[in-house]
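Next come two complexes built around chain A: one with chain B, the other with chain C.
Let's look at the complex of A and B:
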């Protein structure tokens, strides 16, 4: 493929696939890998000519010589790395994955919840049933690549009617001594009438080595099930995250996603796809991105209303400092069958520096005639009047700025149902704001 | 406490203050009156340190310190408080959290230990009662959705909490009904002491029936053209400002 000529990584990955033994894996997964590979071979890496990548040039992040071993080499896990993920006074179960590999021993979990590495779970009925079913490898470059060459990951399922009493905190830690290209793959199945709350935290270390994480999480929320899905991205400089989440919702289910992209990582690109496959579902997507330095944070979401009487609600807030660049693209698709759809979308941005950039694009495509949809996007700065009001009461400039940024984020942070996490997020925001001097 | 000497200031290209002289001592209440556009609110803004005002000349001494040299937050920490004519709504910042941050920043500046949650709550309850401020409003977002009267009462509640040396009330009476005016005035009266001072900026004599000033000044065209006692306010109420403007213009001609 001529268009990929400048990216040696493309060749390495093609060779990588041919050298990877998929023998011994389940037939469904082998099939998915082959499809993913064929598709990636055809698609290659995206360029700015692809509409979905218009504002996010990925090529500069693909130039390094990356290790692309199917399974990451043995790496040492450090307490300091795990500590980055800790959330003060959070009462939770915890799992740790290092470079996509589930670490043992595992916290004792109730019987109704099962956790396995995805390779180990290869013959699991639900894994075979759901794996790759909701991921479109024909249009999404990184999803195709992940499907072809994923190393390992997590398979998590909670039984029907079960309710986990406290959140499950999954720590995705990444570390490497050289440059590493790593592709974890996860599947979460919430069976009917079950209720689950998961906090995923992505952390990394060693800014000297470049770590490219192309991860993909498939989520299935069965009938009447409820899933609160929190994602905290607090990776370090040198880390590039491309993360796709493919969610399928069944009748009467509720899915809430909260994505917090915090400073430092070189690149964060989130593709969040929610497919409303049945009637009367409820979907909440809340996002907060805080960019500093030269960071590039890109959130692409896609809510696909396929059936009638579904509600979706999306609020993303962005705060950009220094020379950070933000991208928001919120696509809502209302299919001809999806009458009585309620879809609400909002994206607000605060630029705290003259050199920060935001590219925001709400995108509604409606093919049904009895629906209620709205969207809006704003870009602004901190109000001078509000700053003066706070300062005139003795609050210093930095503290005033932090208060106002927290207030800006409030519409999103107040939606967090776990008080310890809400406090932690507010703390992270306040921590990053005062360092900026414009 | 406050000594203003020959203060000149402008906003954008327009000169608004043209030589203000005023001395305010501890224990005193001064009323500043004057027609629209005379520079009353600008004086308050300059003293509080609003950014778009530029001081051209003159000095302001606040308890031995150069007020004009300080940032707005340091002025507040030194004990200056301005009740805003139009308090700002800040959704997402809770009233109580805002006050706690402010109070503790002021205490840190004065090298006092921060109040813990319990102490702060006790103080807040006590002051709410003193200025008759609705407890429900305390926990809401700062001024968000407050009525005009509620916003003004919130300013007085903040004043009570922060215990400043000098308070400047910028048209706090405007837009208040009689009951709200009485509550605001009684709050201020309860907070008056021999150690603090107030500057009331107002259009109407009505407020001064409730808060009796020691001195009344008339500001016109960027200068104080007449000072007197509370009787002056009554005279103004009766005669308006025109007779003063005429005298002032005659004086200017003579000069």
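Let's look at the complex of A and C:
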């Protein structure tokens, strides 16, 4: 067993659990909390000795005295904060969560889609059925901690055969007056034959206080269902994000995840786990990370092919400026049963500063023979020829650079199915590139 | 597909062809490891005091370290106290010609298909035959010494060229590098030493055949190759071992040093006893191999064909220190039955304009587990570093596994690093295409496998390529016709 790091926060969290009242919660959830707690007590916080955290030292981010007790009550949501999350000319339904707490009133949604805070929905059949089922609390430190001590979050479900006409925009806003350690928990269930598109935007204010968000989203995509899942992370300096997504896919389902990690937040660590639980599923994972300043962006993905005839496709692109550090670890696991698997994985990185660092590790573990699996990883810089071509045609250096970075990101951005969002992402990229010269 | 299943069945059930035990008297150290063992070995070999002290330093480092846990297989318990750390053939006299060598020993080589006499006469290969840790025959020595090339056993080098050994030994793989390297430092018995003087191009391939013979004797080789400025050497290493039931540990260390403008080509064909069908017995091959391109414009190239051993666990690496230096790694790893291979390379780009190229081909069959693990590291000063990595895996059978763990760490924005990997089985359309043209399935598979590994085989020196091809065909017999 790896050594635990002993920091005051660890003790605080252990005490925190003893003070949390779990009475009145559903028995399944109580049980999950207890398991998670036992597991976290054993695991503690990860150290760099742990293979999954080799390049991401979490300890410096845990030194502050965090306020950990459940839900922060008096926080007020400011218009400025909501504005950060807004996507120009996007036609969508909108939900706002402040520090993990669902804000009322909510937009009127069609009947076939239900939104509740996870605490209110405690007796919901599907919540009980799916809660904690896809989360391995025994090996993931933060997942265990979240399961034990999650404060609140969202329960979202869409009925079978229903199709939501426009995307659902969920704004996760975080704000605090002191240092805050907050753990939201969400569960999204897409019932059979349904189709749903969700944009989650994470924003935070830029106070002097540090906000540590350890969030966990469970997603269930049932038979023949289709779920487009967009995650925009545009949090501010001082915010540390550890975000885990556990997805379970049933027969013939299609799940697409688009993760955009934008500059500023001190730390972004994404754990994206997709479990292909049945035959003939399709999975697309697209990611773009743009690191700036001293930022550390770490994307870990794990696609678990359990059954035959499944396709998975992963493309992650990284652009690193200043002293930013990028980490990519993509694991494709093909179980002995998963014959006829088709898995593709690609990670490209652009280093735009000589102080930036990238650590990438695409990984294949294959236990079936009739498969087609491949991966590729590259690290490079903007081509001098391309730059010269543009400059010789009268395009300024900054504009040329922005153009080339946009082109680099194109493989990912072109996959976005919502035009307004695509425009917005391109705009965000362009915004950050010209400012930086080497 | 029934024939294919049959073929797979055949590979899985292949027994080791080169298993036999030669009966030669041994002079061995008492079983167990402690400071006295190390003093015993050092004394036996009549070593100077600095060598003994260095061994003891290695032993201290060994005691400080735990067994690694990061590897992709379950490390069997190895009783390091149950091994005798020194075994040498009793005959100590030096030979002038091959005729004086124990005929039984010569017969052993004969059985392996590597007759020394023939090789001497036909191929012009100088062979430093290592028979259970001690070098007993060195051919072509005179011819080499005319050019100033030193090619001798490690023990001899310690006696005759202590200044060279002292300067370079442990400079690439330090005594505390990893637990097996530390163990090797403490107890290494013998090995090979090569020094190529300035501007000399070694006129022949240098070769050492390793063989583990004494029962319960771990083999701890130490190889040190130094290529001085502007020189060139190609070194071959080939291994076979007799069949036995108890697991044997092999923890060798190989150090290569290329000075300015020098080139070292190091080729390995490894075919140690892989254990029986159930995975019993077999050699644990835990080797630390590393080269350093110390001077500008130098080049180190590793080529390996790994077909044997119960567990093969090694990462031949290159430290690209000099500007414009080049590192290469070509590998074929074949695993069947319950064999395990966790192998790959490490390329450290430190100097400017350094280049590295990695080609790894894995073939897994039966219940085996074949992993590629590689590290490409580009330091902040490695301007314009360039790496290309390709690792392909071929799966024969549905119960084996193929894994890829490439680590890429880049701290320089002028570096270009590329990695690609594929995993697949032999395409039915490929076999169909060949069948259609009148080539039967067995031959088709042979053709495809041959084509698949060709890129690596081409890197081997002529003499070795033949043996490697032979080995591959024996290993995959049944599937390659």
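Here, the second predicted complex is superposed on the first by the 431 of 438 C-alpha atoms of A that agree within 3 Å, B and C clash if a C-alpha of one lies under 4 Å from a C-alpha of the other, contacts with A are read in each partner's own complex, and residues count from 1 in each chain.
Here, a residue touches a chain if its C-beta (ideal position, glycine included) is under 8 Å from a C-beta of that chain, and two chains touch if they have at least 3 such contacts.
This structure is a prediction, so every number in the text was calculated from the model and none was measured.
Once chain A is used to superpose the two complexes, chain B occupies space next to chain C without a clash. In the overlay built on the shared chain, the residue A:389 is in contact with chain B alone; chain C does not reach it.
Contacts of A:364 after superposition on the shared chain: chain C is touched, whereas chain B is not.
Within the superposed three-chain model, A:120 lies out of touch with both chain B and chain C [touch as defined at top]. Between chain B and chain C, more residues of chain A are touched by C.
Within the superposed three-chain model, A:381 lies in touch with chain C and out of touch with chain B [touch as defined at top].
Within the superposed three-chain model, A:353 lies in touch with chain C and out of touch with chain B [touch as defined at top].
With chain A used as the common frame, the shortest Cα distance separating chain B from chain C works out to 16 Å. For chain A in complex with chain C, the residues that touch the partner chain are 51, 55, 336, 339, 349, 351-381, 438. Those residues of chain C whose C-beta lies close enough to touch chain A in the complex are 70, 72, 378, 380, 393, 395-425.
Taken together, the chain B residues at the contact with chain A in this complex read 48-51, 71-73, 75-77, 81-82, 84, 87-88, 90-93, 97-99, 101-103, 105-106, 109, 141, 158, 162. In the complex of the two chains, the chain A residues touching chain B come out as 383-386, 388-397, 399-400, 403-404, 406-411.
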